[in-house]
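I have a structure here, written as structure tokens, and I will follow up with some questions on it.
Letters A, B, C, D, E, F, G, H, I, J, K and L mark the chains as written, and numbering starts fresh at 1 in each.
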Amino acid sequence: MRVLVIHGPNLNLLGEREPAVYGTETLAQIDAQIAELAKNLHLDVRSVQHNSEGAIVDELHAARGAYETVIFNPGAYTHYAYAIADAISAIGIPVFEVHLSNIFAREEFRRKSVIAPVCAGTIGGFGVDSYLLALRAAAHKI
Amino acid sequence: MRVLVIHGPNLNLLGEREPAVYGTETLAQIDAQIAELAKNLHLDVRSVQHNSEGAIVDELHAARGAYETVIFNPGAYTHYAYAIADAISAIGIPVFEVHLSNIFAREEFRRKSVIAPVCAGTIGGFGVDSYLLALRAAAHKI
Amino acid sequence: MRVLVIHGPNLNLLGEREPAVYGTETLAQIDAQIAELAKNLHLDVRSVQHNSEGAIVDELHAARGAYETVIFNPGAYTHYAYAIADAISAIGIPVFEVHLSNIFAREEFRRKSVIAPVCAGTIGGFGVDSYLLALRAAAHKI
Amino acid sequence: MRVLVIHGPNLNLLGEREPAVYGTETLAQIDAQIAELAKNLHLDVRSVQHNSEGAIVDELHAARGAYETVIFNPGAYTHYAYAIADAISAIGIPVFEVHLSNIFAREEFRRKSVIAPVCAGTIGGFGVDSYLLALRAAAHKI
Amino acid sequence: MRVLVIHGPNLNLLGEREPAVYGTETLAQIDAQIAELAKNLHLDVRSVQHNSEGAIVDELHAARGAYETVIFNPGAYTHYAYAIADAISAIGIPVFEVHLSNIFAREEFRRKSVIAPVCAGTIGGFGVDSYLLALRAAAHKI
Amino acid sequence: MRVLVIHGPNLNLLGEREPAVYGTETLAQIDAQIAELAKNLHLDVRSVQHNSEGAIVDELHAARGAYETVIFNPGAYTHYAYAIADAISAIGIPVFEVHLSNIFAREEFRRKSVIAPVCAGTIGGFGVDSYLLALRAAAHKI
Amino acid sequence: MRVLVIHGPNLNLLGEREPAVYGTETLAQIDAQIAELAKNLHLDVRSVQHNSEGAIVDELHAARGAYETVIFNPGAYTHYAYAIADAISAIGIPVFEVHLSNIFAREEFRRKSVIAPVCAGTIGGFGVDSYLLALRAAAHKI
Amino acid sequence: MRVLVIHGPNLNLLGEREPAVYGTETLAQIDAQIAELAKNLHLDVRSVQHNSEGAIVDELHAARGAYETVIFNPGAYTHYAYAIADAISAIGIPVFEVHLSNIFAREEFRRKSVIAPVCAGTIGGFGVDSYLLALRAAAHKI
Amino acid sequence: MRVLVIHGPNLNLLGEREPAVYGTETLAQIDAQIAELAKNLHLDVRSVQHNSEGAIVDELHAARGAYETVIFNPGAYTHYAYAIADAISAIGIPVFEVHLSNIFAREEFRRKSVIAPVCAGTIGGFGVDSYLLALRAAAHKI
Amino acid sequence: MRVLVIHGPNLNLLGEREPAVYGTETLAQIDAQIAELAKNLHLDVRSVQHNSEGAIVDELHAARGAYETVIFNPGAYTHYAYAIADAISAIGIPVFEVHLSNIFAREEFRRKSVIAPVCAGTIGGFGVDSYLLALRAAAHKI
Amino acid sequence: MRVLVIHGPNLNLLGEREPAVYGTETLAQIDAQIAELAKNLHLDVRSVQHNSEGAIVDELHAARGAYETVIFNPGAYTHYAYAIADAISAIGIPVFEVHLSNIFAREEFRRKSVIAPVCAGTIGGFGVDSYLLALRAAAHKI
Amino acid sequence: MRVLVIHGPNLNLLGEREPAVYGTETLAQIDAQIAELAKNLHLDVRSVQHNSEGAIVDELHAARGAYETVIFNPGAYTHYAYAIADAISAIGIPVFEVHLSNIFAREEFRRKSVIAPVCAGTIGGFGVDSYLLALRAAAHKI
């Protein structure tokens, strides 16, 4: 099974950005953990990071025929990027929404996800484990 | 008269994406129909598609001096892309908003257009005919 | 194909009423243009105008079996006349909502249409051309 | 006891209109059932149907001195016709609001009744039985 | 100066309807007081009453060229009848909105007037004097 | 046919609690009337009363296989007890919501029912007759 | 009869302040017209102007026993000054709210009056005539 | 590590209740899967189910000192049970909120969780895997 | 005078739960202070604590005839438990709402009390003194 | 301990103003009761009354260094006077908000206090006892 | 050029009041810095401070003819004082709104300014520099 | 000190776009003024313009370590681009939000800034001076 991991906007700064909220691990370290678990689960994983809504739409489109599952941390696009939501609906691949932090325990605007309604499932609040749990969820679908 | 047709996000997947909502014609087939009618109406038409809000803003800016009318299907950007709305206000060319589906008969969030207030007119719900009617509307302005 | 055109409340004053918003053509002149295009498109058209919500409901009911398409400018009833919306749902004939002006560029209350969700399509902002485009849309359905 | 049954807008299409929602019985068949039960309950019943808000106001006014109870299915006027609500307040006769379908299980806008606050009671969701139950409620008041 | 007085829905029941709110005078008695003051002010007054929104729209249309001022008690149409508001905008005659009761001291829904924004002025809460004051206001315009 | 009548919170105080709103009959007297009519209609009825949301959920669960219809007065749980609404959806038995008073003529918060959307029908405002009418509605389903 | 006229905040600038909205007459000229009409109506009138909410509360308190009617233009306090509204409730003298302009045809925030619910009546949109009509309304109460 | 699994209201009907939404597995089958994975992960797990808000509060209180992690499917209490939320805050044990279905893709009222803000993390939409993923998340904390 | 003190949900954890918000005293210590003051004031006091909404409703019902005053800390039920509010209305005993913390200085959802409108008075923010002040208020009523 | 009692707008009319809501005692009588209890509690009390928001801000500022506690009945300023709220935050003295009536059982607008979030505690609904309880609360802080 | 600086409510406590939010400089120190920069910019500056809304209205009125620019820190009046907003509209002098803190990063209610729409410009978040920047903006207008 | 100036979407059209709102200066002319003042203030300034949200996020990321202050005119992204707001939070450099026009005096949607809460300060309404004042604010921080 091929799995695409998409890290949304600002996640390239992980480890440097607000460690109290997002932890001290860098994106490279997270991707390493993802790669390691994927290997154990016999999953074929590729990780990408984009700051642009359009680029994420493009990436999701390109996933058709190339991946069976997408694990997606939409970052702040969670709250307003309907174009990404439409892309998820359009591609017909199960997408799992993940968040490092518990978005429901933060600012009011973070409590609404326009992405969640078109995802297969959502996992949030477990730090890097949110990605790893999503990977396990994907593996279980095989 | 020169007419620019801008297809917004996810429209490149037409024919493959949710055919129950958007029909089975591909974007190439739609562009072919547009080109054919344009020829009959003696209009000079160019069609482009963009998934990025910024790219659409750029395209609209470039239309100044090059086109007399823009036909624009903003897709999901309809509902929140004020930067595109500002671009339409800025360029001083009449823009016609078109939608394949009747956005008022769908999810609640699709009923609000931030683009419509700055457009010259809107046409929605007629499938590919929405574009063709907009083309006729443009032709009538000559 | 038989097409019924229903002009809603206050449209009998067209040409006299707020020409800056609605133009200087009278309803008779608009109906003449509709008739002319209908002739060219080999459509059988009848135009009526009503100020009363109940009369519009009656007219829609009577259209069953007599017309294949209805072109309807609901005027101010656009924004609250659920009885008309129910009539449209009930009669099983495609109804095209048209507006002379771009209702999205006007007062806040004009941005909500209770009629649009039950219509096949909507066209607005093109002046009398809104009707003519709807006529073409109807013709295409033959 | 004299009872007036008022069928509101679009109910004349019953049996033909959206049978999945409103059932397959015609208004004549419903009125026949009402008449039969009324006879059994020794009630003097008259049934009318109106599509116009003004006509319903007139009918309610005329009921004063002529009927002891009104059974009223306001149809879509349920949701906005304050003039009818004022008429009910004004005439001083108990009015029972009935609905064929369960309006609370349908579109959001159908969940608000401006008529209910001025009625003596409401019955909804039982198909034609909604009327018959209201008739029994009226009979009990003798 | 010719003045048209339009009494809106349910006002024909005045004197009989909720006297605690609307007083004990009948509409005929009110019209008599209006006629008497009009005579003193050398105004030419005609009074009409309508329960139907469409009829009020028609009446307003007919006022063009026939009256210089309209005094209008919209009753419950105050709160939602945008078709009447559009008619007032369309006819280009100053319309004075009057109410017998103070609508701001009653139910929440009565605090919003869709008519007031298109009227020249509003008077409410003075019982029949609301009409008489409006008549004086009209006279002053001569 | 077996019918379960569930009286919700505070209904055990009937006859003593706010008689101006709820009448002077005690719950025992109401149950006696229900029993008598049930006998006439050849229905097998059991009545229970619970003040706890969880107990009502349990009671509804237990009704599966034991009753064909449930008549339910949810009292104040009407307005927020989604767990009860889910139980009604889950058990697959038609539930009729009844209210002694007209909840639409009372405080604002009483106008919203989270129970109604999952019920087969609703009856309110007829005092104890609300229950008796529901019983007749149940009988008719045999 | 003694009548107190209270001009609210900023009205001391009348004639100089936004004449397109408020006219070109000064407050002194308005007070002169008020005085003249009062004389004709045999009313004893005193006019004051205050910019401070507390001063208006004090003035209203002092009116007890000294005046039978208050004519009050609350200016911008119309929209939020609940302390003034409480003062009006407290003093037990009929207060007539007047406005020079039609506040319903202006900014959204001006459409809400916290003063109106506790006033006997309201008059707005007639320029200085708003005051004169209120004076006549007061005279009629003798 | 000791883990408490709390199944909220109506989950005892799993497998029988709306299988299109919640799947065909019974709660016993789910608990068996949980027990099996717990064994593999060397976790000490106990599962309970409650329909009453108060009982869930009690259960959470009792968890103090007895469990290191709580996995909690709050069912419909997700949306309004602030007493449960307060209990979670009070006990100082990490609580993981799980849902079988994707609550964001269902009715509007299910999109708001009053429980999520006080939980350590949330997992939803993966059917029984939601529980199993939460178990793994708990294991990882050792 | 007999006074019933009802401690609502989660208050059994006092002293252990979020001491920064609720203080370090245990419920037993608070009850001891209440008992001591009651003795001084010659009041007959009983204290109970419940986590279940239904149990609180039962307790309030049982208070009829047994107590002259109820002092009630509704905890999180403050914000949504209309069944408890109805119970308070039903029993006809003055109920004093108390809160340890100042609920208006905390989360948004805590600022709305559905209990307060049916209570005789409210005291909040004084820690255990909130109870003691309520006791004094009760004593004063003798 | 020195305590400042501030009576807000309109409270100078106590005993004369709406006795059904506020009781028949005058402010002087209330101040006498406050003085008497203060003497018993060995508190040094001064009472003032102001109708102006600015005067209350000044009074609060002046309290710094002169009083250890402020007891404040903000009257209608409760609902919007953020300048007073800021003054309370600024002075660093505990302020107790008191109300004679239960503001939660009155008009909707009275249910929101902008003052409460910055107060140490609130007491309402006990008539003059609200002040006396606040005095006791102050005394307890010594 | 003559510039009037108006410090709004509670600013007289600067340096003493919540230094974490407002800094440690006193108003006198701020005025000294303003005076010094004004001298350098050849501006004629006067600074005043008022706690009363009415006093600020008076001060603004008096500025007509005496000052060419007003620099105004409205403090808490920012959020509701429409009377001040009207005064600014009325006097026809450019007013610059300044805030020491970034009001958008604080409580929700501080994010709405009723003053800003009638000001020429706004500066906030720079501490005392907010005033100095406004002074430079004023100077540039010469 | 190094300062980065980011001009947001559509600002490249300055001087050509809606001069009534945005003035007649081109972006190049504005950048020239910025450069000149920067030279005087001994600041090292670079100006960039982007129409894409993602590009602005990238630019902000790249500013880390390269600039001490960012001056940012977010254009229409002001109102919804949470990804940009997160980028500002992430980079730990003070960002000053500037606007040419007074966004509070324009359309309703422009009054909400999702950027302001994470900025150090905001300046708006002074035309090109908004940038120059921000430059001075930056200089002052040295």
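Heads up, the rule we're going with is that contacts are C-beta pairs under 8 Å (C-beta built on N, C-alpha and C of every residue); 3 or more make two chains touch, one makes a residue touch a chain.
Treat the numbers as computed from the prediction; the structure is a model and nothing was measured.
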Subunit C to subunit L, fewest steps along touching chains: 2
Listed chain pair A-H, E-G or F-H that repeats interface J-K [over half of contact pairs the same by residue number]: F-H
Interface residue identity across copies subunit J, subunit K - same or different by half: different
Whole-Å gap separating subunit D and subunit F, where each centre is the average of the chain's CA atoms: 23
Cα-centroid distance, subunit I relative to subunit L, in whole angstrom: 54
Between subunit C and subunit F, centroid-to-centroid distance (C-alpha), Å: 47
Per-residue multi-chain contacts in subunit J, two or more chains: 52-55, 80
Interchain pairs in contact, sorted by label: A-B, A-H, A-L, B-C, B-L, C-D, C-E, D-E, D-F, E-G, F-H, F-I, G-J, G-K, H-I, I-J, J-K, K-L
Footprint of subunit C on subunit E - complex, ascending: 52-55, 57-58, 61, 64, 80, 82-83, 85-87, 89-91, 114
Sites on subunit L touched by subunit K in the complex: 102, 104-105, 111-113, 116-126, 129-130, 132-133, 136-137, 140
Interface residues, subunit C side, partner subunit E - complex: 8-10, 12-13, 16-18, 50-55, 75-77, 79-80, 109
